[in-house]
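Next come two complexes built around chain A: one with chain B, the other with chain C.
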Partner chain A sequence: MTPGTGGDAPRVVEAGLRSFVCAYERYVEDPFRLGQLVAVREGPWSILGCVVDTESGPEDPGRPLQAPGGSLTAAEVFAENPHIRPLLRTRVTVVACGYIEGEGAFALLPPAPPPLLARVESATPAETMHATSDGAFLALLVASALCDDAVLAAVLRGAATAHGAAAGEFTVRAGKELARLLKAEPARLSSILRGVTA
Partner chain B sequence: MELLTAGLPGLVERHRARVSALEATLTAARAAADAWAKDPAEGDARIEAAMANTPTPYATSFGEPPTAAFPAPPFEPCTVVAADGSSIEPDRFAPVPCYVLNTGWAVLPYRVPGEAALASKPILGPREPLADAGEDDGEDASPGGRGWGVSLLRDIEERETAIHLARERLVHGPVVLLFDGTFLPWDLDSPRIAANVRRQVLRRLQDALALLATGDEPLSAGAYISGSRAGDVVTSLAVLAGQDPAAWLAADSALFATLLGEGERSALFRSRSQRQKTVEEQFPADSQVVFFYLRTGGDIARVELPQWAATPARVARLHATLVDQCARCDGYPRALQEAHEQAVISGADRQQFARLLETEAARQRVFPPSNGKQSSKRRRAV
Partner chain C sequence: MTAERERMGSVVGGSLTKSIEVRLEPGKSAGLGEYLVSPLPEGGDLLGMVTDVLLKSAEAGATSWPPGADDGPLAALLREVLLDTGVYTAVEVNPYLEVEADGATARARRLPRHFARVTRADQEILNRAFAVDEERGAVRVGTPLGMDDVTVFVDIEKLFERSAGVFGKSGTGKSVATMQILDAMVANSRAARVNGERTVALIFDMHNDYGWDMKFQGEGARARKSLKQRHGSDVAVYSLDPDVLNTDARLVVGTQDITPEDLDVLQSIGAFTGPAIEAAHECHSRFGRTWIDDISADDPSPAVIRKTFREGDEPDDPNWTKVAQRLGFHSGSFENLRRGLRRFTRRGFVQSGTGQFSGALNHIVQTLKGGKSVVVQFGKFGSDLTAYMLVANMLSRRIWEQYSEAVEKAQGRAQDEPNRLVIVIEEAHKFIDRSMAGQSIFGQIARELRKYNVTLFVIDQRPSQIDAEVLSQIGTKFCFQLDSEADIEALVGGMQGRSGLRSVIASLESRQQALVFGHALPMPVVVRPPDLTANFEAGASLRDRLGAPPANVAAKLKPIFG
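Up next, the complex of A and B:
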């Protein structure tokens, strides 16, 4: 199963033009992965974004999760304490990196934030190829304070997979675009490229 | 605070003296209980004869020796279902008299199939205008008055919700159903509540309990009263010891703290009183309430259940599950705790509801009656 597609899709709970947060109905062990491209398809355009962070914990901060003693695995603790899982939530932070309107893919901020409570789903390989083929999508990610080197490396690895046999060509194009964007930050460029080839 | 602090040592000392004085009474109560256990039928007859025309609640035995203590059976897989409720009472200073009921529930499967569920459902009332108050419509059946019986409506919502959830989960195996408080809501005979409200609730409760009691499924049910202050059993023991119940032990928990070990339950007892009789007469005989006491941690809890649920297998499942549930939640059943968490209406929620109501009322040009005291409290400026 593709990560992040198990069970019900998360929904947008905080919406902004540059980033948004989506939450699963409860705690999930297989949320969207770091750097994964996701899509919000509700509204006049489909917004594409990159997963930059995932957090799981209690829905109510006033009831912190207490770690039990003993030798049980996490799955066994959940099975023995069925009340815990419904009290937990998994939240995913996404940085927008483009949108698709009609036949056109734009490596720009969307005209409006995604609708609150809209479903967030994995971008299809076709959407990923469409949105990432020229590497222009990297500009929004590089400019975001939420995207560190690990995120950029992860998104490049994931997008390369979507390009299949053309993965090598895509990586070269994206690397060139990254070099252009980070010409003043060679150390950062090196760090990201090491992450891509790791 | 300094003035209060100075009085604390004396206060505690007087309490200690009172507790010490109870020892002799406890010894006498245990002796009376031993005698009752030797011939429960004879003891029950004496108790009933002495208490027949008094309003004081008392207890008779129910098929088990009154001094018996039963260790908890092993916990078996089951689904535990619990419901609890919270409410916003009518505010006479609000622009529109109304109330909110919030019923929370917990459905927790332990080694049986099915998903855990924690949720709540709010209800805004009244849903329809109440009929004009009649002669028997409670001492305060005015809009927003106690005659609306909000606590009674909350009780019936809890019971209906939990009973339906419990029956749904029987497809996955045994179910233990828990309520907080008494098994039957005693306000059913309260003259303070409008008669039409009581009639409506009574019909709904009759239907719900009938649904609960149908079939011979592996379903246990109990209402859990933590730190019970009931005194039915010790009142009966006062009768057997020839003592005045008013000058005797006040609570059963003092006695059972000396009789029960950790996790043990007491014998089953039949709860008796004139008021209880008035309420119970409105239900089938097998819905009459029996109870036992349970020691978990430092707590002596009272557990009430309907007679039909007092079979050995059902009581054993209830007992084992309660001990297991309390071990999971610092001495209180986990499912009840989680249902409470779902039901509770926070102070912030209450304020938000009041603001929303005021906003909507103002939009429709409905304003609260002017009240200087309330306005002054809100302003509080110096």
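Up next, the complex of A and C:
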């Protein structure tokens, strides 16, 4: 099953133009993946974004999670203590990299942030291809302080998969866009591409 | 309407007097000598020639930390990604010609704007750029680099209204190109309505290329038809070598025909020393026309004694040393002169006496005036530079004198002026070398050609040895591959955009490829001259190519059809 789909889709809990945070209602082991493209389809346009960070922990920071003793695996602990999971949260940070309005896909910041509590879903392969086809989406990611080299590499790898047979072509095209964006930082360029080819 | 031209890139910088820099689009490449086009801000197009290809980097980073040269996936991806982003290819383009939409052309005085689109020149724009008047004779000089569908023509009259030159190292195709040009010229002259309009050539054919046939390395025959075989009745061949076949007449030089002025030119090849030539002048004025026979004798004749010593002063046992002493010559110089002259008189084409040289000379002048070209073949004497220079110099001086006289006499009446004469010489630098251009008849012709309707067509391997002033008088230059920087510099020095032309010349192939530029062309062009096949046809003019009737037929038609 694709992570983060179905009834358990996370919702926007902190909304910004450049980035937003969405949270699952409880702890999940398989949230959106690093670098994955996600979509918020509520509101006048669909906002596309890129997963740059994921964290899980107690809902109330004042009540830290106590580590139990014994030799049970995590799954066994959760199975034996069903009340724990709802007290935990998984939160995902997303950097906006474009939006789709009607027929048009734009590699620009959306005019307004996603609505709070809007559901966040995986972008479809079609949406992913659409949004990443010309490499322009990278400009927003590179400009974001939340996006480091590891994220960029993961984004490119994920998007390449969506391009299927044209993955190689896509990687070169996006790489060229990155080379332009990072023209003064050859070391960064090669570290990102190393992550892509690894 | 014109088809879309291939898009190549855009203008990113440059200078009108030097070159424009064009950044190429990914995947495009352009070689030296190719033409590119860019639109000008107020209309029209600028046509220029690629004179350099540059590998550039947008930022220092990409080349300071280049991708590895290995086959690993990262290095391969980085190399691909950096191409046309971090690094790119640009070309330098010398701006030459503005081509207006209506076909008018003018020397480039404006530049395209930054980022103007640059396309590859196509047949249509090159045809406009090199357009020649279809009614006038034109030589086909070849196809421009990488454009097999385009043929560049040069207006024959324009080509010969100033001097022209074919330069290049041995085996590059100078003789073939010269023959093709002369072939077109003769064909064009034949089409002229009246004799006076015919341009004629006097060809000093050192290596026997321009008479009946020419040596040719190629499939099949070892020779190709040359001028006499192509234009039997419009070309007369004179030969110094009695064994050459298919000639019209033999040329013999009599010792009495040679004046000391004729020997001046031989100083440059070391045949005579300066003092020896001075002695020759003295002997000529003292002994008269027989001077060569006189002083090449083993002992001074009584006549010589009589003309040398005052009566009563004659020595008892006269010898050449005493003669030299009496005349104030250094004995070594006098010996140098005598030895040199005796070497001469042993050559088969020099005969004691008058040798009917002036008869032949008059005949040649009449032939030229009659509208026929003359080829002087040297046969076995072709490898003898002294022979070549002596004869070329003797004939040219005398013909030049007759021509200048005729022109002065005509006093501007065109119908009385002799037809335009083109003198073709090989190894021109020996005649008009830096040290002696002042004395040489060819230096004089080069300087005064416009006055007297005589121009030079020089063929040379070492243009740097030619007197710079003379070289600068050469209007149209056909430049094949050259060996040395100095030779290239001599040809393009002083030209706009010369550093670019220099590299274009340096990149020429070793045969059958030339950069042609100068007076008769609107802009320089790298061409491949037409293949000289066994049945090469003059195909001289555009008119011929278009299948129109030649001018003489057309002229006959005109009065009939009004």
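One rule holds in what follows: the second predicted complex is superposed on the first by the 196 of 198 C-alpha atoms of A that agree within 3 Å, B and C clash if a C-alpha of one lies under 4 Å from a C-alpha of the other, contacts with A are read in each partner's own complex, and residues count from 1 in each chain.
Simple rule for what comes next: a residue touches a chain if its C-beta (ideal position, glycine included) is under 8 Å from a C-beta of that chain, and two chains touch if they have at least 3 such contacts.
Predicted, not measured: the structure shown is a model, and the values here were computed from it.
K.L.:
Which partner, chain B or chain C, is in contact with more residues of chain A?
P.N.:
Residues of chain A touched, chain B against chain C: more for C.
K.L.:
Output check: A:Lys183 vs chain B and chain C. Expected answer is one of first, second, both, neither. What do you get?
P.N.:
The second partner, chain C, only.
K.L.:
If we overlay the two complexes on their shared chain A, which of chain B and chain C does A:Thr171 touch? Say first, second, both or neither.
P.N.:
second
K.L.:
Just to be sure I read the superposition right, which of the two partners does A:Leu87 touch: chain B = first, chain C = second, or both, or neither?
P.N.:
After superposition on chain A, A:Leu87 lies in contact with chain B alone.
K.L.:
What is the contact status of A:Ala79 with respect to chain B (first) and chain C (second): first, second, both, or neither?
P.N.:
The answer is first: A:Ala79 touches chain B but not chain C.
K.L.:
Please report the chain A residues shared by its interface with chain B and its interface with chain C.
P.N.:
Common to the two interfaces on chain A: nothing.
K.L.:
Using the touch rule from the top, collect the residues of chain A that touch chain B in their complex.
P.N.:
Interface residues on chain A, with respect to chain B: 60, 63, 79-83, 85-87.
K.L.:
Would you pull the chain C residues touching chain A in the complex into a rising list?
P.N.:
Answer in residue numbers: 58-59, 61-62, 64-65, 67, 73-74, 77-78, 80-82, 84-86.
K.L.:
Taking the touch rule as given, give the residues of chain B at its contact with chain A in the complex, in rising order.
P.N.:
Going by the criterion above, the answer is residues 106, 108-111, 116-118, 328, 334-335, 338, 341.
K.L.:
Of all residues in chain A, which touch chain C in the complex?
P.N.:
It comes out as residues 171-172, 175-176, 178-180, 183-187, 189-190, 193-194, 196-197.
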